[in-house]
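Multiple structures follow.
In the two complexes that follow, subunit A is the common piece, with subunit B as its partner first and subunit C second.
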Partner chain A sequence: MQQRTALQSFRYRWRKSLPFWLILPTIVVILIVQVYPAIYTGWLSLQEREPGGWLYVGTKNFDRLFAAGIFPESIGHTVVFLLGYTIFTLTLGFLIALLLKQNVRLSGLYITLLFIPWIIADVIAGLVFRLLVTPDYGLFSGILQNPALIPPNGLSVLTATRPAPWFGNFPFPPSPAMIYLILAASWRALPFVTLLILAALQTVPAEVIESARIDGATGFQLTRHITVPLILPAMVVALFNLIIGGMNGVGMVFSLTGGGPGTSTYVISYLLYVIGWGQLRFGRAAALALLIAFVNWILIFSILRMTRVNESRR
Partner chain B sequence: MKSKFRSFLIVLVLVVFTAALVACSSPAAPTDAPVVDEPVAEEPVAEEPVAEEPVAEEPVVEEPMEVMDFVTWYQYDENNEDPASDERVGNAYLKKTIPEFNADFAGKWNWVNVPKAWDKMTQELVAAVIAGGDVPDLIELGGQQTITYINNGALMDLSDWAKAQSWYEDLDPGAIITCTGPDGGLYCIPTAERPALTYVWAEHYPDGYPTTPEQFMVEAERLKSEGTYAWTYFGSTAYDGSGTGRMVWSLISSFGGTYDDGQGNMLLNTPENVAAIEFLRETIAKEYQPETVFAGGFVEEDSFKDSSAAAIPTGLFGYRYINPLTAPDGTKYEKGNENDMLDAIADGKVVMRPMFAPEGQTPGCNLDIQGFGIPTGAKNVEAAYDYINWIMSDLDRHVEFVIGPGAGFPSLKSAQSHPDMQTPFYQQAAIAVNASVCTNWAGSLERPAEAAPAIMNAVYKLVKEDPSLDIATELQSVQDEYNANN
Partner chain C sequence: MAKKNVHITRRDRNLKLVNIALLVVTLISILPIATTILISFKEQADITRKPPIIFPCDTPTKSFDITACRWAVEGYQRVFAPKPSETALLGFELTGNLIRIYIPNTIMYAFFTALLVMLLASFSGFAFSRYDFRGHNALLTAIYAVTGVPLLTNLLALYQMTINMRKNLPFYDDRMFLIFVYIGFFLPISVWITKGFFDAIPRELEESALIEGCSPIGALFRVTMPLATPGLISVFLLTFVNVWNEFIVAYLLINKNEFKPAMFGLYDFLSQNIINLQVLAAACIIIASPMVILFLFTRKTFFKAMVEGAVKG
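Up next, the complex of A and B:
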């Protein structure tokens, strides 16, 4: 009788704990690949590499980072890049998705073709875009560098200097290389955003649109007051992806502009790469990585909060 | 009961996590830069355990010595037989010498080469040393990388071992300095010296390549009127500011300028530096160079290849990369390898000259070295010693190495008179280099990897991006920012 009770007790505990055992491998993996590197990065940000090993330097890495002239400059470039990249990609993605929703002929083919940029690696896409505008030799250089078309001296995208800033040291208007970088990055991100929005558009009930039309809503009003609010969750997902990808992506900058000309495309992720892998200042790079992560969190939570407010208002 | 069980589970998770970390962490590798006092005497002999009990009348058969791998990192790949490869010379050298080395050390070492990208090797090695990962037994390196390795404790101090070798006294003192760390230790063995000079299309400069900036401006204007660029060079900020040590340093040092004060501090704001940058700014404003000089990716070389640019200041080893060639008179050198430039030099179409310098100044140039380093944590240090001796103790082999991957002048003084170094190419190069004072651009700077992008970005800003900026103010600002971290 007692044996039976013990067995029942074991079975009961086993059943209760089964979910934990099932989830345990995932927890261990997350601890190893996420928690541990995060803690290590925090530790690293307080160290400096010396010939004899690591040396605790407290917040010196952060101090040096803030004191470097390139740091605020790269923040400016990142803001410009993110604004251009997200606005351009979302707008264009939305417009293309609207077109594709019209059930035009061969829309399946268009969607397939649209996927091409998405399957090309960042670095490769950057290299291809670079080859297109390499001074004197690029496919488009003959056109762009033609003074008759772009007076007075033509435009060499990769070497043209940036215009004088309008707001103090803030790098706006951006250099031609930055605009080109935004275009290239958007080109690559466009398929994902378009398909996401297209999928969301197809969930908008036709009856709602029809009712609004009967009530006399114009095309713009339909889009503004019906379509956009209904696909907002998908837009938020797209925005998250664009912000995180744009903030952290370095492959395109690396292969397309290398931060140049000068420092005109030194976005913060590229600065991180340069400090970490160019200068081998791992402590300082870790400090910058923490700051970037912090800014990512702030951006994401802000967007989440704003969209929640919007949803509750609806 | 429930809470106890939960506590148990939490403890269990932590134990599993800790165990996983321990399992994943590297074996206890020394993080401190070890000082190698003496060659490690351990032979890789698989020792048999001594048997306690006497084994009756069995003859003791000695185990053959296990052949150990000797792992190197080169930027060359012995398996790449592409005749159009930029690294053809080094690739071919490794393909030839790996079997020779393995034959000479048969039964002892087996040379295994791992090709690495030239601009990523430093990062990979430092990361491997810090992480306690697998490191090679020997790497090839340039002088400017040495200090970065030293700062990260990635190289062994070879002083005591090197000084005991027969070839040490024969080493060029200038090359030794480039391998010497701030603590006085010798962290690499220099094999070749790589000075910078200017390759010139002779026909474009019928009166000879200018020797002063004033002459250069006159000639440049003439060439411009003929539709030819006076020169092309690496003027981009790409490759972590590597342009700092290229043409910009040749020009600045020719003007009597410097990047450091000899005490480890950056010194940019000097009248000589300002004058050099003013000169460069003027040449750029007058478009004496193609726009490609600022594009990175070495596309600027193309203008010299087709002779639309009349000169290219670059490293001595540039001849390997600048091909095929078309001379101003249309003569084509189309082998597509290093022989194109060598042939053009032999034909007198291309000449090598020092950088021009203001009256009273001696032309300057960058002096880099090619050398060997032994990484901290190398498993087979003995093989690395054998390899270095194999190259350095035999003059023919040393010269073969210098002409191959070394790509410069021999670091051994006695090898400089070797018959293979008496070709038109080396003779002309020697004249150009001897007319210059060549020093490493980094001087006493202990953080060249930080200094290079800072200097190049500043120069680019001053000469291209915003030529209206005050040069002295900008240079002072970069100098102050660097020195604040000293």
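Up next, the complex of A and C:
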């Protein structure tokens, strides 16, 4: 039997541990940029800034956060925003995907043009929509602010106050600015959702549709009983992606409404920004950030479970 | 025979309806962009008119006259700020901060982030796709779970880190740290995407390379990576666009004017030009158009990474 030389044994060990070395850089980067900061935020949520350094205050940050009226209010705004945003985007995305699936002659061109909004940054999308309704000077402000068209005083989207809430303090009906924010956010997310649903639609086997048609199913019945159930997993994935994106995105609120008028478009991520970098209360911001992260994780793990279930089914 | 004809015409009519519906939807979704282009070519006097008009094409007698339109490039001029110069190629230099500082910065950040993300993701994607080791699935899940930490949550800590490092590390550079942070943010999803692409490449090709005497690393670089090139390019492009469009991270982590990327630079315009909407519109168009053009040329590649990323992760 041949004796292993040092070089050979080194090469053997190198090959054996190759996956470790391949993954190591990724793990190191993720540990520094994602894991350490998350842990640090957990620590920060129990601290308060003092002139001399950080002071341990226990759960005081959480107590103060819950005591502030803006916290439940912005949860209300977030719920309203997410409801409007997801329902609007999913419905429209589904309808457009159904249209695109018909494969008309120009669908390639339509798909390309429809997808341009997705490539535009959220900050720019916010600005683009802002330019349309800037008070007094916006392109459509002349029409919207005309009292003859919209009684009694015309509508200035970005400055009109919220109507009186119907259910206690829950911010519904939303302010015009919130509706406009939902519109702008949906405009940008629509291509993504449409593409996901279209991709799912194309995996629906033609034979299934064909046999249902032979059995006498009409167009609506086909959609309702065959297509929708088959693409439901894709819809759910799209929904969760929308919720996570909508809950964490801050760029559009930043450039479109700046949280205003008043606090009527303070969604939870914007509130986090304001508490952290506007008021420089990092402890309280960290407490809020943990709560948001917690909700995110629940969503992420449910996506993961769902996609796993799909894979095992395949 | 007659019945068949009826069927065909009905199908034709349906297709026509679909066509019209798609045309309307497309026009509506393009509308905000079209109006921004319109605003960017208006002149100051038309921007601040009361009541505002949509087309700057009215005359004292008529409300719309196509020959009387007053188009201007004032907005673009103020963004580019051209100054005559003897030495420059075209006889003038562009002195606007956006074109001189911010956009080159963005290109640098986006290019290096995308390159490194592509490289690191292909290493670990390859390992996850080809090897089965202890903790394989747990690690993959953990990498995915990390994407669940909201951006702003991490930024709280990263912001404190930059403050400390600026004070204590003499060689610290905002730009390098920003690229590092971007890599960390966009790597997890890219690992999943590249793993998906590698899974689709048959193992036999590598195995035969190994039998021929190729090392595993050599097989990765000479056999698997070339085959996965389309997928890796789509990861590169997706990351490039994501970094280009990213605002809040740079806004919070960069504190020097000469390091700002374009999205942060755009924010300058927002605060300086409350009334000069044409300048804002022009800046938006200038920043967004490279990505739109890039997208138009490579859309198939984009769609691939997008669907892969969304469904897998």
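We adopt the following convention: the second predicted complex is superposed on the first by the 275 of 314 C-alpha atoms of A that agree within 3 Å, B and C clash if a C-alpha of one lies under 4 Å from a C-alpha of the other, contacts with A are read in each partner's own complex, and residues count from 1 in each chain.
Keep in mind that, in the parts below, a residue touches a chain if its C-beta (ideal position, glycine included) is under 8 Å from a C-beta of that chain, and two chains touch if they have at least 3 such contacts.
The structure displayed is predicted, hence computed values, not measured ones.
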| item | value |
| --- | --- |
| Contacts of A:S9 with subunit B and subunit C, given as first, second, both or neither | neither |
| Subunit B versus subunit C as contact partner of A:F20, first or second or both or neither | both |
| First, second, both or neither for A:T41, with subunit B first and subunit C second | second |
| Of subunit C and subunit B, partner touching more subunit A residues | C |
| Subunit B versus subunit C as contact partner of A:T59, first or second or both or neither | neither |
| Partner chain(s) touched by A:D136 [first = subunit B, second = subunit C, both, neither] | both |
| Which of subunit B and subunit C A:I32 touches, first, second, both or neither | both |
| First, second, both or neither for A:F282, with subunit B first and subunit C second | both |
| Partner chain(s) touched by A:I120 [first = subunit B, second = subunit C, both, neither] | second |
| First, second, both or neither for A:G262, with subunit B first and subunit C second | first |
| Subunit A positions touched by subunit B in one structure and by subunit C in the second | 20, 27, 32, 36, 134, 136-137, 145, 277, 282 |
| Contact set on subunit B toward subunit A in their complex | 5, 9, 13, 16-17, 20-21, 24, 31-33, 122-123, 126, 130, 148, 150-153, 181, 183, 236-240, 290-292, 294-297, 299, 302-303, 447, 449-450, 453, 457, 460-461, 464-466, 477, 481, 484-485 |
| Subunit C residues within the subunit A interface of the complex | 14-15, 18-19, 21-23, 25-26, 29-30, 32-33, 35-36, 38-39, 47-48, 50-54, 120-121, 123-124, 126-128, 130-131, 133, 139, 141, 143-161, 180-181, 183-185, 187-188, 191, 215-217, 241, 244-248, 252, 263, 266-267, 270, 275, 277, 280-281, 284, 287-288, 291-292, 294-296, 299, 302-303, 306-307, 310-313 |
| Subunit B-touching residues of subunit A, taken from the complex the two chains share | 13, 17, 20, 24, 27-28, 31-32, 36, 49-54, 64, 67-70, 130, 134-137, 145, 156, 158-159, 161-162, 258-264, 274, 277-282 |
| Residues of subunit A that touch subunit C when the two form their complex | 15, 18-20, 22-23, 25-27, 29-30, 32-38, 40-41, 44, 96, 99-100, 102, 104-107, 110-117, 119-125, 127-129, 131-132, 134, 136-142, 145-146, 187, 190, 192, 195-196, 199, 234, 237-238, 241, 244, 247-248, 250-251, 254-255, 269, 272-273, 276-277, 282, 285-286, 289-290, 292-293, 296-297, 299-301, 303-304, 307 |
